[in-house]
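Labels run A, B, C, D, E and F following the written order; every chain starts at residue 1.
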């Protein structure tokens, strides 16, 4: 039976110049609505799960357009509160070759950031669900967002849901110290930790000691320490290397307390780099919910994020079968006819 | 010799769905940068004048893109201050037939609205200029905008520039009482008044007494009272009638203390309705600076705004010769070959 | 409380050249998914109602894309059966001025047309609903479609739902005799009849006797005879006049057994002519469900279809408030700012 | 049996900003290849005739692209000579409402203008053909173009083809005196004269004496004098009135020596105004070749040009049946379904 | 002198989302018309040959648009029969990186598949031609297609044309056994065999025994056995390796009974992977017709298909000179200026 | 303080099919205005310098559009003379993989090529400037262009400006002998020489003696001889290798009379190859003006041109900080967020 997952976060309007144009060359912007937790919800629905997204958006038509995007891909948006003045916006200029991508945030004062913690009735919102997922972006958004995030994970934990948290530390949103303190609190209620290469060091002072970008084994000790310190069930660390604006190397480690399993390493041509981590989270939630082994779970999650990079927009619009074909097949990308 | 005009106001990013799409149908937005006073500056440069635009924009690339738009059309942007966090944004959905256009503003906290009055050195900014132009939107933007606007007109007046002011009352920005009080103050330093049909009644309690939309003669008395009350040189009243989202009727009255001159009445198919008033202002500034008679000046200004409605974007990209061909020609829109 | 409406029909892929291009000029087609009953469902959701669409679509990604379009606009698609080989397609070339629009159908063998009547469990599908709506296109599609349609209306009637039927006679799909016989059967279970100008004459031999296109009063007698012959509650007749490919005149008559109420007559510039009738049906369902008077109901429904013509695509993406503003306001299409 | 028509002229690259953009707003140009005589050839093929186009184009890929456009629509391009340095170009900015369309020519030194008269073997080129058509643009292009044009009509006449000539006087290409002299020479070999309102007066001093734009009867005398002076079989005068950049009135007169037949008058919304006259010529060639009466022929030709205005690009992509439906039908532009 | 080639097959409408979008993201489809044998015809015309395409297409405008595409590139379409209800369609979603391309066929009941064998008068159709080309897709399309294909090759052989056949086995169209039996029959009349890596094994049970993808020598024995079994003159085997959705390796073997010649191996970035094999066939037909050596012929054909992968759409729009520059030059892709 | 640079050359209209389309597939062209010396001016302004561009363009709107492009990016266009008949045009088809890009020039008779040397008042134009830059394209354009170029460098030298010259030899514009003679003359007034790999050999007979494309050391001797022969201050040689139409290797050598400094070697995925050399020149002018060491200067200039290849259009729209991040950073193209 399809599992029910709830995610909580901000949904942003993303505006990007066509193709490889720079901001100062653009006379139109492609518009997509996305955000870490929303992206994970969309991906889970494509895998066949039910996903409910909790957020707050303005009552005007732009807010509605954002909701419609999620509905289009089957996410349950009935719990999105309508209110506030504006939707958070970010502008992204796609890089190319040696020219990096560029992001300009304009999210202050958004409907989500100005929500009150009491706007969310977590008991009701989580009723009937199996899993709750959040990222470190949500508590970073100021106002009562951190308070709401904490209430969410605590309630989820109490109600017996599995809780996953993707650290997703963003220096532009808050400082290391605050982030470290708040995230540590959230991790107390978390079962499944997901984080990037250096985030354990930045936020929690757990040193990596990797010789270089490809020294993946160094992350085993990091995973062990994280698991122990926060009483986690499983720890996933994504191992991304940026080769150029359009080329990435991607692998992941999943540690379950006994085994350290590494996925294959993928080298990808990037169509759209946003949402790679969010699709990894969705892949992991799905794989673990389906009862895959630690080895298979990390392969599935890594393949999911690899495939996301080939899809335009924030969301991973791949079915579970398509992900399995890459994760457990020969990966040759042949047309079927 | 080309006259030098200075205008002062906010420059906004305008985002609009392609063609006739509604907001909830859009997957891209055309982007244009505009604003009342900037639009007037652009139009004046197309007429062959020098125009300097004074404003404040964020230092990032989106701010730069806004400046580049003005530079492209030849406006002097050297006096634009760079600072603040964001550019004001508005979303516009073009109407069609009986479906009206829709505007969603997202301009709070913009670089312009958060500027200090002291950021602008009016003596320096106005040195060497012949004319200063402002609209009622600028003082409505909160913070110290009204203070800066007042300092601007006072200084311009002291320095001997001609001062024009387009009332441009926007209910969504401020209330009638505040607007009436502030605009009355600004009009003390104004030579040329420009305003829409009902604005004298709304802000200053000068009743119109028009029987219906086509009773243009009723506005003669309004113009007289305005001129007398505020000690104006000339009063222009634009007489716009919306027939449908795509069809307009447009005429204007110019009163110089002696003559009440009405322009021809134009019925236009509207390509882009934004900026019609701003191009009227530019037309009037040009016509009066060139020494045209009251009769010719109102014809030129009305033809300018009529032609604007046929141009995509905020700005009137018509030359003075093109405007004259309509204002003083047969208006038949024949191809020359 | 939001009413629950169920509609039943085929969802087609519509492919159309950009703007005014002819088929032989096109190197891309805009793609939209629509169909009479689906369009009505979409419109009802925009009015704030719940709408469930019953249909059959292939299991592949194109079938999914069709479903996603409905989900985007909030329609409940959980009852869409997945199966069959292909989605019905139609190509439409938009006309201009004296050049008429052109439609090429390619809908034979579609997933819907090859469905079995037994595929639909009407008791279950209609449980909890207030209203059932169908058009004359559904029974015209061959195979067991007519049988399924008949079972649907009969069951709906038995379960106490209000049943509406839009005649929508299409000569290219079936002949007059068959259509007349089948539709008469369906009308036995129908409360609210909706039909175009000449359809009562074509299918049921009820003569119109209109002097010309503007002799609306001639339709009063038609409505009376229809109501009597089929035991209907209310009869709506839409009165459309094609002035050119881009210009229409539109009005409607609603007869409730006592009053014959005519709506205002609208003259519209047409952005997209598909779905005008479907949005009239949605308007009528909403207006009658809300308990509007016969007079107000026909005004609301006519305004809804008038506004639809200004919207790209098959569906009327207008809110109830927007329709009311036209139906009961001054209709001048002014921007609010 | 399909008639064989030969036309002779220049094929130009036409570059135009998208939609209603002005030149200074364009960052892309739509590209179409057309020219008076080529347009007529394309239209005739859509009517079911064989048409051969004689011209000269550079050997490079842009020249090939021009040829491919004609081949796409079925024109025989085997007689196009390849040589010379460049293709003639013109830029066209579409007007809107009161803003006229604007044309910038860049055709000097084109492959066609630099061709030698001896490049064309008219005996061979015209073998097997029934009709030869030319316009006054061809001899205006300088170099040996006039000489080649004259040889063409003379040879065609000698070989027994029907010869038609559309005056198409363009002030930017040559002066009235030269044009009058050269065209008089060409008309000596012409059977069917086609010309605009004032061209007989401009080139041949035959006064029009029309009271105003709608005094169509005044052209009867003009037609009579033209027929007599040049020994023509039939004289067609097109009666176009520009209402705005997007609206036209269009009618025509055909005089056969006995009857003066006027077509209906069409008021059209213009999608693309280029090629209206060329499609009239094609309509007339077809109608007369098919043996239609003078009355029907002028109706067919006028309907053809009316429909052209609704089609993007230079060419009239309407079938003979579609033209007949307008010329001899009710003209209501209804969709068939 | 230009050789005359006749090809026979279905022409399909191909619809594909823009750029890298997935089907469920598409709101427009690029449209191209292509098919194996049509693509080969187009390529041959670009090489300077005459090519006639024999097929059947519906009489409506979409059928005409398909024909126009071929005419645009110079193919003789005079032998295309008009009739039947629909054009076959396929949808293709372009893959990227590890995400494979996806094809959805909707070709059942097409005008071609429902043609009768007697519709084609092969004696007349092949008169004056030098070469006949067909692929294994044509006989796979059901109805009388296989019968017509067989009559075509038999007649061609009798009339002394060279016959080439590209095996092109498509599992989705027919099963191995039927395909093996029918293709064996066709190969009895074939001179030049073209096939992919594994097709000899799949259809005719000739084992490959290749160690891996790069063991090209293993195919020598396959070619020998094919030649012997079917009495072929020459056997070409294409050796394609899919590295990712956007990267390919491509080489070919040509065996003439004496020499086994391998082409260079190309590694290509793929712009459009459709039509690679068809352009190989065209390259081979051209090279052999021109009398190139076996070595040069396989180089030319391999270079042709390599270049095709860099061209959008189904067809190889490269001239013979451009192919030679790659096949026999240094292949560095430098701009000439 | 911002340095003032003057550049002199032609500004062309560049027309290119969208994406990877071939000329014969294009139905629209992207339009960009560029040219060697204009591109360098644009790049310098993005670095924060003042740049004035001297040229001649027609007085019509297309000429204005060209000027507006430069103004948009901040170039001082006040010295552009308006006159002449046409703007030079070139068509460029972007290559892909093994298919090379293709350029078709149509620049004969342009406003620039028909200018008189006396049109330029070099004393006035260069007043207040620090640096003058020119390329070998300008004197190659015929008419009095070479004379004007020579007067420009001579005057610049006399007035004490630094003079840089990019050889930029184009075989399609002039022959080696003439080019060698004229460029030698210009180099007499030049301080900074910039040239490609083989240009010293082609124009001045200075042999390269490089073993292969990667034998960079061979260019040391070339630089030494150039410096000595023409009395140059510094010699820069760009070392570009075309791997495919979309892949390049790029490095550079700068010789200052003492040190031979090589930049890093970049391997780039090319978004737009036009303007790579022009951005190198801009980088070098900036770096040397800022007083960077020879080593840093060549790194900065090479990084600038590497980044240009990732930007659409002719011009390098990168800031000095962005170039420094690549030249002196780790070059990993990571998003900042």
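The rule we apply is simple: a contact is a pair of C-beta atoms (placed from the backbone, for glycine too) under 8 Å apart; a residue touches a chain by one contact, two chains touch by 3 or more.
Protein names from UniProt, one per chain: A, B, C, D, E, F = Kinase, PfkB family.
Treat the numbers as computed from the prediction; the structure is a model and nothing was measured.
S.K.: Can you check which chain pair, D-E or A-E, has more C-beta pairs in contact?
M.R.: The greater number of contacts lies at A-E.
S.K.: Name the pair in C-E, D-F or D-E that forms the same interface as A-C; by residue number, over half of the contact pairs must coincide.
M.R.: D-E
S.K.: Copies chain E and chain F touch; is their interface built from the same residue numbers (over half shared) or different ones?
M.R.: The interface of chain E with chain F is built from mostly unshared positions.
S.K.: For chain B and chain E, what's the span in angstrom between their mean Cα positions?
M.R.: Going by mean C-alpha positions, chain B sits 62 Å from chain E.
S.K.: Just how far, in Å, is the C-alpha centre of chain C from the one of chain B?
M.R.: The computed centroid separation for chain B versus chain C comes out at 45 Å.
S.K.: As a quick test, compute the distance in whole Å between the mean CA positions of chain B and chain F.
M.R.: Whole-Å distance between the two chain centres: 42.
S.K.: For chain B, jot down the residues that touch at least 2 other chains.
M.R.: In chain B, residues 22, 24, 27, 68, 73, 102 touch at least two other chains, as defined above.
S.K.: Provide the residue numbers of chain F that touch chain D in the complex, in ascending order.
M.R.: Residue list for chain F touching chain D: 15, 18, 22-24, 26-32, 60-62, 64-65, 68, 85-86, 89, 91, 93, 102, 104, 106, 108-109.
S.K.: Quick check on the complex: what are the chain C residues that touch chain B?
M.R.: Chain C residues touching chain B: 73, 266, 268-271, 303, 306-307, 309-313, 317-318, 322, 326, 331-337.
S.K.: Please give the residue numbers of chain A that touch chain F in the complex, ascending.
M.R.: 19-22, 24-25, 95-103, 105, 170-172, 242-246, 273
S.K.: Tell me, which parts of chain B touch chain F in their complex?
M.R.: Touching chain F: residues 68-69, 71-74 of chain B.
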